[in-house]
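Two complexes come next, and they have one chain in common, subunit A, joined by subunit B in the first and subunit C in the second.
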Partner chain A sequence: MTVTLKEMNGKKIMALAGEIDMSASPLLRKELMALVKKKTDPLLIDFENVSYIDSSGIATFVEGLKGMMAFGGKLKLAGMPSGVKEIFSFSKLDRVFEIYGSIDDAINS
Partner chain B sequence: MTEMEDAIKVNNLVTHYGDRVILKSISFAVPRGQTTVILGGSGCGKSTLLKHLIGLLRPTSGQILINNGNIAAMNEGELDEIRKKMGVLFQGAALLNSMTLADNVALPLREHTKLEDSTIQIMVRMKLDLVGLSGFEHFFPSQLSGGMKKRAGLARAMALDPEFLFFDEPSAGLDPVTAAGLDKLILKLRDVFKMTIVVVTHELPSVFMIADYVIMLDLGDVVFAGTLDELRISEHPRVRMFLERRPETEVYSPEDYFRFIAGD
Partner chain C sequence: MADEPLITVSEGYLRGIEKKVEGLKALFEMSAIISSTLDLNDLMQLVMEKAKNELQAEACSILFYNRETNKLEFEIALCTDKSTSDLLKQKVILDVGQGIAGWVAEKLEPLIINDVQADKRFCGDVDKQTGFITKSIVAVPLIGRGGLIGVAELLNPGKKDYDPEIFEILCKQFAIAIENALLHKESIAKERLRQELEIAAELQKSFLPKSPFFKKGNMNVSAVNISAAKVGGDLYDFIEPAENMAGVIIGDVSGKGVSGALYMSKIISDFKYLGISADSPDIVLNRLNALLADAPHGMYLTAVYLIIDTITGAARVSAAGHPPFILVTKKDVSVMDILSGPPLGILPAEYPYTQMDLSVGDRLFLFTDGVFEAKSKSGERLGFDNLVEFVRKHKDAKRLSDLVIDYVKDFSEGTEMADDLTMVEIAWSDIP
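Coming up: the complex of A and B.
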């Protein structure tokens, strides 16, 4: 997994690529929680190039969302391929996270 | 179903306990992302086979290819790596009685990953929820029913999001409703996580509910390997006996029986 930080229209985007698995999640957590700590709002996550996410990745986003909610910030997940979306849906979390079809939708939201 | 790719291939597997041959040169394949059920009479070697598939026992000869690597020829270090991809639920659920359910499920994560404990706690609650044990994190195994223990064992088997799940008679000792619930869960795991699942079971309803592919053992040989539809129309006498729930025909002649009980 690789993490790239960008900014578009003044909005911070964390773009992820590759597999978010148990060996990648500690790095994801570090990057994500650093942005949460800085109260980055909104924080957009681009999933377009994510091929796989496991339960450690989902759990890391749960931690991230908890952190965002603590200060009223918005965490927006965007561009999930269907396999990744299915895993979020399976855990019923698709109704808790703000999920957008594409990163542009998330930017314009 | 899409094209079949083999996740596991067994070639000419021979196993013994001491001098006694248990599996006599068997060969079969397990398709990826599907549920394979292993059938066969008591004592025919199903559990023994499963223990070979997870690298717990070494064969006398033959190959066991998991993702194309021959685990029969691997050293312990290589086996440890491949075992992280395998979740196993055996005939006793094998939970550690001195630990809460949460700690039982967290154990493999603490041993094999560098995840923060806060992340692990969330994962543990996700896994327990998946098996219908939300709210039981702080219970000890002794405080659970048999079916709950089984489900807790499954939560632990899934801790590392394995690619493979192996079950040895998961529904033994469960009431029919709980057993059907477990079957549904197995199908969910196959469909959502694309897991390759191998289940030893005697339960006919369960076979028809979960199996995509069936392997039947008898007297140390594979007597049937094929899809569920092929099983239904198979003419093999052992298959017919199983499907029609016919009892074992008499093994002994009256003379042999007399000699056996008389102790000569």
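Coming up: the complex of A and C.
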């Protein structure tokens, strides 16, 4: 997994690529929680190039979400390929996270 | 003997030979010490003590090279004054390139300085911190097979006429002995960890039902649980919340390994406590969700919990973000994607229940995602639809659970199991 941080229209975006699994979660956690700690709001996550996410990866986003909610911040997940989206909807996590079709939709939300 | 010619040698030559013999004796003694122990601390203590005495030095120390920080840290210091040794070990860290030891670590060359105060490389910080006055120094890099291990220093050696060649051989031997001791220490630590994990796995299994089979009234339950790591985060349990009632839960904690297992153990305890006092699964999941609200590291649980009347076959099912289960009847195979709340431990949420009635011959198959997310050698995942298809094809097989497990194993043959795999089968028959 790779993590790239960028900014569009003044909004911070964390773009991820590859498989987010047990071995990738520590890096993801470090990067994500650093942004949460800085109260980056809103924080957009670009899933366009993510091929798979396992429960340890999702748990990292749950931790991020809880951290954001603590100060009223918004965590927005966007651009999920259908396979990844299925993992979220299968676990009813689409009711937990704000999920957008594309990163543009998330920027304009 | 008398015919042998007389050879005249100079006194200097004789002294040279004597020195060599002395050096070889020291080398021999040191070799004996080095091979006498694999304990790192003993080894360093013994060798440095010996070196200190041989060179009549006032103090000696070993600084270890920390690859991660690229710094030198005092590992052992033998000074006349113990408090100085303690001070060095606690506080002093040097950069590579800093001071005499730093220079030796950088250049990987030994250094002998008879007057350190006149040497620009000497950094007086350590002396300032310890109160020790360094006049002269012998510093050597300790280089093992894997590169720099550290730097050994002898301070204010009284003896100046030692054989540098012998000294160098000694240092090489010492470095290899340290490396061996470090490897030994590491292998002991690994072995200990392996044993700890084995105990953890055993302990964790003790939280699951003693037997994977459970029978009550017309209901027969069986479970299969295989952990990817030695310890895993999947769980299942059978309880009896009331007379003629059976509760069956299957769940998957996010995360595997020790953290998943620890959390799983806590959840099972919470579930046993909550489950025994409630006759409807929605109540239990709602309470469990509240209890797990402060889960660390975003950990959560997906679960399906059923309470079945073991006389009538009436069942209530609640789900929390868990994959759908499969109902196999005499006629049909259906995917039961019932009304569900999100996984437990994330947000305050409402968990409803769905009512179902089991008829004779009905079988329910509950899985964790490890079953259908199994990965093949070429990186493909089995997929839920393929799993359903397989069940459909073999719906009349008596040992369907075993067939499914074999199917998953065959699919992922040659790959390392990535996730725990749990499957629970609930069969309703007319034979009590």
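As a working rule, the second predicted complex is superposed on the first by the 109 of 109 C-alpha atoms of A that agree within 3 Å, B and C clash if a C-alpha of one lies under 4 Å from a C-alpha of the other, contacts with A are read in each partner's own complex, and residues count from 1 in each chain.
We adopt the following convention: a residue touches a chain if its C-beta (ideal position, glycine included) is under 8 Å from a C-beta of that chain, and two chains touch if they have at least 3 such contacts.
Note that the structure is a prediction, hence the values are computed from the model and not measured.
Colleague: Aligned on subunit A, subunit B and subunit C: do they clash or fit?
Modeller: clash
Colleague: Please work out whether A:22 is in contact with subunit B alone, subunit C alone, both, or neither, and reply first, second, both or neither.
Modeller: Touch status of A:22: both partners.
Colleague: Which partner chains sit in contact with A:54 here, subunit B, subunit C, both or neither? Use first/second/both/neither.
Modeller: So A:54 meets both subunit B and subunit C here.
Colleague: Quick check on the superposed pair: does A:64 touch subunit B, subunit C, both, or neither? Answer first, second, both or neither.
Modeller: Second partner only.
Colleague: Report for A:95: first if it touches subunit B alone, second if subunit C alone, otherwise both or neither.
Modeller: second
Colleague: Tell me which region of subunit C runs into subunit B after superposition, given the options 133-141, 205-213 or 349-357.
Modeller: In the superposed model, subunit C runs into subunit B at 205-213.
Colleague: Residue by residue on subunit A, keep only those touching subunit B in one complex and subunit C in the other, then list them.
Modeller: 21-22, 29, 54-56, 58-60, 62-63, 90-91
Colleague: Under the touch definition given earlier, write down the residues of subunit C that touch subunit A in their complex.
Modeller: Within the complex, subunit C touches subunit A at residues 252-257, 297-300, 302, 320-323, 340-343, 346-347, 349, 369, 373, 381, 384, 418-419.
Colleague: What residues on subunit A touch subunit C, complex-wise?
Modeller: 21-22, 29, 52, 54-56, 58-66, 90-93, 95-96
Colleague: So in the complex, which bits of subunit B are touching subunit A?
Modeller: Answer in residue numbers: 109, 112-116, 118-120, 122-123, 126-127, 160-161, 188, 192-193.
Colleague: For subunit A, which residues are in contact with subunit B within the complex?
Modeller: Those in contact with subunit B are residues 21-23, 25-26, 29, 54-56, 58-60, 62-63, 86-87, 90-91.
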